[in-house]
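Report on one structure; see the data block that follows.
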């Protein structure tokens, strides 16, 4: 019985062979990256964590159309929760992820009750303010969090009791990738479901949504909680893999980066979130290591180029190119 | 009693600086409704220019201020013609991306020529003289800022609410096509408003540099502060921004006087409460 | 217990402006009523008060004997009240088909079936197709609503509202923007509606009003001026002076 | 023979890359009353918007008073004497009624004239545009365009949503404007009103003109009307 | 054989100054001493982490250790960035030389950490002792509200009270503060004769010192004692208002010694626009320590750490040594006053407290 339903889930999420392609590509990419850049696993893992984080924001911004600048609130809380749980309760990674998820969800729920009533600039500001308050609390509660020095002393037991976190970061890489993969599958099912359609409806016209009997506010809170759960997981991943949590986890810059990466890749498309993160982080990494002094030029011009030439984000690049080739024929 | 008085005086003096540095944003973002994250960039350019003029070339402060504001406007005009003009039509999210891109380029440019250290602006020494108000000592600089701020808010209020330009601008922002088909030269109106916003940003950057010193990362460092003032004031309302800046100044100052240990938390909680009660800001246009 | 909509002493102020004055009305089950009146009389406001988009300053609204005055908009829709918008309000970035599908999914409480696909239910899909066909929207079904002509959007607006299967249907100028040639689509749609459904139609097209309404309520300055059969109304001198003008009668 | 005021020659226009108008040609002569009718979505609005410069024109020429205006931005076209009342009304929501009117004022027009025409607007002069009822918005849209004293007025379903009395009054206003020498192009769904008002009628179908002739001709030719517009006898 | 040293620091973004100072000082050291030790070529590899970012710091360390096979890690401007690599260096047994991160507790996280900069205890305690000796009776402490600030507050407070003084009030100022006028009022009202301040160098210090001079505190006779507020890289920006500010710190670029003059000369030759500060000195001595460790122990991490313990040498900042227990540098702390020197402002040393160890290690 359970077997059948899991197969069903996978089938609906994949939705026929045509949609299997991106999944195959994703797995291939992971293996390729693993073999091609064996020395950059640390960076790649960071990127995977960031992808989990950005994809969680995509649900909120890309699908439900709720623009916040405080997504780091859930990330940071997830990170601290997982870190403290590892130190004081249990060093089991999967349990820690669950704790991060629950805390992310709780923070999203309580802040969502307030945030989801707001719109526009006011929403941006409220979400920033909430994150600031959390950051301030984290940095004041030095006895618990280590304050600005960071929360130290996190060490994890092997995943499932088998896979130990190794020095090179292989386990961490596959761990982060598995989490990302599972979350992507879940989100694909979710956005294709009636709930996903309802979110798009809310993004499009909340007033009409209300007029068809939808409690828009609660739908948004639900979406925010789901997004927050995943953001909490991303935070927990980062705490477990870095073995340290710092107050920077609540940084405004982190929330802003997430938004930039998402729009860059293409909001409202799960793969857009992945591509945006991939490109932004790679360009930043490479540009900053080639010329740390002037790399901002590169990023700045890249952002401008994308908005001007690929208004739907990087994910529309193949379609654009195909269109141009088609037009030429 | 004296504490209360001190809070009000210091708060207003600080609030006026907040107003000064964010008034340009309440023109571009509030009135023109562009999500202009590059606002701080124009303040930075103005400040950097004033730094070069006063420190390297020894120009006196007032002419340097004027020259820097003009320089920023001169930069803003082609930038509007070539880049911003297209940004107006973008969705809000695209505007975020585009203006962040612009601000990165601005930062990188200043960084390239002037490095990332503090760029001070030399002011006449009299400006920092303490003025004794009887119950309180205030630097002359703050008094100047208060006066300039008052002039600015009055001028802008009259411009936006009482002149044909104000009507044209608001109409063009509401619906560009319709405004154009009524004969309003929308590109010109936008250009003028944008140049105004950029110029004000420069003024704010320079006059506010006493508290928020200019350095390459200025636009990012204080972005939240600019956004706070405009949000609390209400989009599109200059007077709202003014009141918001003063209230925030007083609030923040009160927090520092009375609850210094939890000042920041207090400040942001107050903003949260305020926005929860008045989601559209203190003052908004009729909606 | 009365069935249908019972409105008592409904009032609404916008600042100093009173746009609903003590309106008392009954719209019994199965009614075909029309609400007419000069521009700015308060018709749209009245409709918004009923669906809950606005809260009344005073007065009460009962549906089938139950007080719904305190319910929010979404809850009232679920209780069976639906309205079309005078100025179209659609999901512009969704296809025409999704615009119809979405309300049906909501109506059927499917939203939280996270594991289903939104287009996975055969019965719902059949209903969607039928509605599209009824309004001749099939050829446009996969277009984004954004790219439709205004008149076409009006039809989507109506189809979308009907897809909610309301028991009280309020139509705010359903024919505005629909060419006279196609207004019969709307008339037909209204005539086809099941009889357990009450319809309140707000319209300035008198031809359409006389064709579908069996009762007409005239609203002037926020208050009910008269209420009567179409014949009575078209004979009423005050209504002719204030509203109908010389062309009618 | 009165002179040609506005001329479209082989105009191709549309949204993005799609073509809605396909080689549309038409002439409007000084002082005439022209009606454009047609089913939903055939391109009536697109025609007016293209003349105003609001849609993308791919090819063809538009001349106003003999001067090509294809390259001109909308505000320049407006200053040459074009005025459009858009179908979607497009009231400026954050301006008050009075400011909406002021935004349209050119050539020393007086707002009082608009208030005389629509006393309802005067009552609501301090209201925000967003707060108006549908019909009030329509009145404001018409009045605002008239503030520019356009020589040629493009009306896109201006009677929509207005009470019958107001409709009658508005039609009378249009007639008066026409008498004063303004040229009027009316797009209207109510065929009956359109035929009563106009001298000449154009029927558009699929982005092209399928009929052009005197209003009287159409009125008497039910069969023709039926074929293109699909209307039984115009009801009155 | 080439021995690689990985330097993890901030080379981009608002804190890029750290990386820049580190790198320049290392290059000066290499220019003076060559790049060979015992026939091995030393190669420094720089990795940017863009600011306080422990995730990036750990990833950078992994990459350096695995791909580049570095035998020494160095750099670390921010405490979390240093802490994040502790598990890695423990596993890899690779020494990590900290050029800045100033929290005492870092060195407890791994026995492979050695620090050539300073800790707040190390400079704040001498500041308190000097103030007490020079007439301060009642002091108000005003510090930025984050760990380093709290360290400074506690260190100064306990030392000052030990000397018989009173701390009349402890003010903690939020890090984001831009307007210090309210705090100036409180400082005045506190009735103190001296204010001890700690703020991160940069905009905060700029606004603080400005407020100090504009609100008439000097006139009111309230003295100022600080630590690193008058850092050489921002001191000129502080302008006239900085003149007369007194600080206790371990390095000034106008320290008078031949070594320092040679260092300054080389720096001026290689990077004409640059000015040395404590970060430069941390990196310069760090480079020296690495050379020494390689000379004594090659690439054996454990041996290298043992070799470092107790090492002492003459640095441009004065005599220094590595305390064997805390693996932290023991050095003189100088009392300086800001003066104008030609076109620039300098920290002129006029007094000193000799051979101060990390007084915070055992707290």
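All chains are identified by letter, namely A, B, C, D and E, in their written order; residue positions are counted from 1 within each chain.
Here is the rule we go by: a residue touches a chain if its C-beta (ideal position, glycine included) is under 8 Å from a C-beta of that chain, and two chains touch if they have at least 3 such contacts.
No experiment lies behind these values; they were computed from the predicted model shown.
Visitor: Give the fewest steps needed to get from chain B to chain C, where each step moves from one chain to a chain it touches.
Guide: Shortest path length, in steps: 2.
Visitor: Which chains sit in contact with both members of the pair chain A and chain C?
Guide: none
Visitor: Centroid of chain C to centroid of chain D, CA atoms only: how many Å?
Guide: Measuring from centre to centre gives 29 Å for this pair.
Visitor: Need the CA-centroid distance for the pair chain A / chain E, whole Å please.
Guide: 37
Visitor: Calculate how many whole Å lie between the centre of chain D and the centre of chain E, each centre taken as the average of the chain's C-alpha atoms.
Guide: Result: the chain centres lie 75 Å from each other.
Visitor: Centroid from C-alpha atoms only, then distance chain C to chain E, rounded to Å. What do you get?
Guide: Roughly 73 Å separates the two chain centres.
Visitor: Please set out, as single numbers or ranges, the residues of chain B touching at least two other chains.
Guide: Touching at least two other chains: 220, 264.
Visitor: Residues of chain E that contact two or more other chains, please.
Guide: 16, 145, 174, in rising order.
Visitor: For chain C, write out the residues touching at least two other chains, lowest number first.
Guide: Residues: none.
Visitor: Go through the chains and record each pair that touches.
Guide: A-B, A-C, A-E, B-D, B-E, C-D
Visitor: Once bound in the complex, which stretches of chain B touch chain D?
Guide: Where chain B meets chain D, its residues are 164, 167-168, 170-171, 173-175, 177-187, 236, 285-287.
Visitor: Residue numbers of chain E touching chain B in their complex, please.
Guide: 13-14, 16-17, 145, 171-179, 181-183, 185-186, 202-203, 206-207, 210, 213-216, 219, 233-234, 236-241, 273
Visitor: Using the touch definition up top, name the residues of chain A that touch chain B in the complex.
Guide: It is residues 61, 67, 114, 117-122, 124-126, 128-130, 132-133, 136-137, 140, 252-253, 256, 259-260, 263-264, 267, 293-294, 296-297, 299-304, 306-308, 311 of chain A that touch chain B.
Visitor: For the complex, give me every residue of chain D touching chain C.
Guide: The touching residues are 15, 37-42, 45, 87-88, 120, 124, 131-136, 138-139, 157, 160-169, 189-192, 229-231, 235-236.
Visitor: In their shared complex, at which residues does chain D touch chain B?
Guide: Residues 52-54, 73-75, 77-79, 82-84, 86, 90, 92-96, 99-100, 102-104, 106, 127-131, 144-145, 147-148.
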